[in-house]
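Next, two complexes with chain A in common: one pairs it with chain B, the other with chain C.
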Partner chain A sequence: MVEEVRKLLQDILQKIQGLHCILITDRDGVPLLKVGTDKAPENALRPNFISTFGLAIDQGSKLGLGKTGTLICSYAQYQVIQMNKLPLIVTFITSDTCNTGHILALQNQINPIISTLTLAVAES
Partner chain B sequence: MGCCYSFFCNDDSSSQAGEPTERTHLLVNPVSINTTVVHANSEDYIFRNANTLPKKTDEQSALNRILQETATNVIDVAALDSHNLQHHEYLERMKHYNVKVQQVMGNNRNALSYKVKLSLLQDIPMPEKVMMSEPINPEDIKLINSFLSSAVASIQDIKVEHKENLVEPFGINC
Partner chain C sequence: MEKHLNRVMEEITNQPGVYGCVLSDHQGLCLGAHGQASTESSGVITALAEQALKLEPKSVMPIISLENDNRQLIIRRHGVLTCGIYKSVCN
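After this line comes the complex of A and B, so read on.
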């Protein structure tokens, strides 16, 4: 079953132009599922980079941003789109030209996988 | 001055606690009320029961509460970086998740499988093989058609003849 899910993510990866990597991690950045191409930058895959999202939304809520659902960071060459599915974090790493709306629309497709994976984290 | 201080302090505690003691003034002094307001904002937690029952634990818990509230409201950027996962811990957890994910996915196979399917159509690995295969014999098609037409005709011929009442009364004697 894991292979099938991985294949689904791989399919998504191939269909969307500019999408380099899909990462499903826990809140500390430890990956549960990971698919990606070699174009994905190494630094963005590090757990301490990914876990920053959790810290940022926690601190952001103190500033009055409220409960953040999605964080989109746009850089010179890449976009990092992170979704709040706590206790999981979904991270998409794309090129700067990738269609951001398309990535956001993937939520519906990914949600059933996330809800199953949440069990793996919750049980531990 | 010491006397004066204790006087205000006493008054402070009695007026804030709301319970009259032997030191409570019968007539309220407006000047002392003004001073209590100043005290009340900043030292409300600490002096609440300062004179009546100087409980150390109450004071301590109040201080802890203030500390906690402040800690939750403060954004300490330097402290955010301190929580880093050790490498071996990271590897351990990754292994653990691998096993867990396999288990959970296996258990929820039914729920997931129809959602994972991308489309109803399936890929054909070698399309040219299918395309190059010989077409069906026209006589076979004719045969299939004739059977089909006779089947359709027989289905259309089915009629329901009703002989008895469709609604049957049960046990209605009166």
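After this line comes the complex of A and C, so read on.
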């Protein structure tokens, strides 16, 4: 199953220009699945960076806008787009010029993968 | 702030046959959608415009038309703005 999911993510990675890495982690930032190129910055893949998303969505929920769904961090050279699929977090690392809207539109495409992985995580 | 943008989109949607329009910025983020257009399509529409431009990079921005039996999507990029217009086609 993991190989199928990996292949699907690899396909997505190749289709979108500027997308460096797709990372599926648990809420602590521990990677479950990683697909990426060598262009992805090492520091952004660290669990202590990924897990700050959990803190950010907790703060975000205080805004009174409902559950935080997506977080986009735009840096000088990279963009980090994280999606709230708790208990999982999906992180996309892209170049600064990458089409953010296209990444957000991937949400529907990755939802079935996430449900499968969530089930697998729950069982183990 | 977006009053003017909304008015333009309304104007577009009021044209005969047009049932929706979506506007997005250079990063594919949705600026607005009117009628039966989905905000989620903005990213893909911008990506299509970008890819189409690569076919002939030296030419002016192309107009992309995707058509099926009864509907048509016209995509046009102007500067940092990309506009997608959904139209019904009568055969």
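By our rule, the second predicted complex is superposed on the first by the 119 of 124 C-alpha atoms of A that agree within 3 Å, B and C clash if a C-alpha of one lies under 4 Å from a C-alpha of the other, contacts with A are read in each partner's own complex, and residues count from 1 in each chain.
As a convention for this text, a contact is a pair of C-beta atoms (placed from the backbone, for glycine too) under 8 Å apart; a residue touches a chain by one contact, two chains touch by 3 or more.
Owing to the predicted nature of the structure, the values given are computational and were not obtained by experimental measurement.
Novice: Figure out whether A:Leu33 sits in contact with chain B (first) or chain C (second), or with both, or with neither.
Specialist: Only chain B; A:Leu33 stays clear of chain C.
Novice: Quick one: is A:Glu4 in contact with chain B, with chain C, with both, or with neither? Answer first, second, both or neither.
Specialist: First partner only.
Novice: Check whether A:Leu65 is in contact with chain B, with chain C, with both or with neither, and answer first, second, both or neither.
Specialist: Neither partner.
Novice: Give one of first, second, both or neither to describe whether A:Asn99 is in contact with chain B, with chain C, with both, or with none.
Specialist: second
Novice: Under the stated touch criterion, name the partner, chain B or chain C, that contacts more residues in chain A.
Specialist: Of chain B and chain C, B contacts more residues of chain A.
Novice: Where on chain C does chain A make contact in their complex?
Specialist: Contacts found on chain C: 24, 27-30, 40-44, 46-47, 50.
Novice: Mind listing the chain B positions that touch chain A in their complex?
Specialist: 72-73, 75, 80, 84-85, 90, 93-94, 96-97, 100-106, 108-109, 111-113, 115-116, 118
Novice: Quick one: which bits of chain A touch chain B in the complex? Just the residue numbers, please.
Specialist: Touching chain B: residues 1-2, 4-5, 8, 11, 26, 28-33, 47-48, 51, 55, 59, 62-63, 112-113, 116-117, 119-121, 123-124 of chain A.
Novice: What residues on chain A touch chain C, complex-wise?
Specialist: 16-17, 98-105, 107-108
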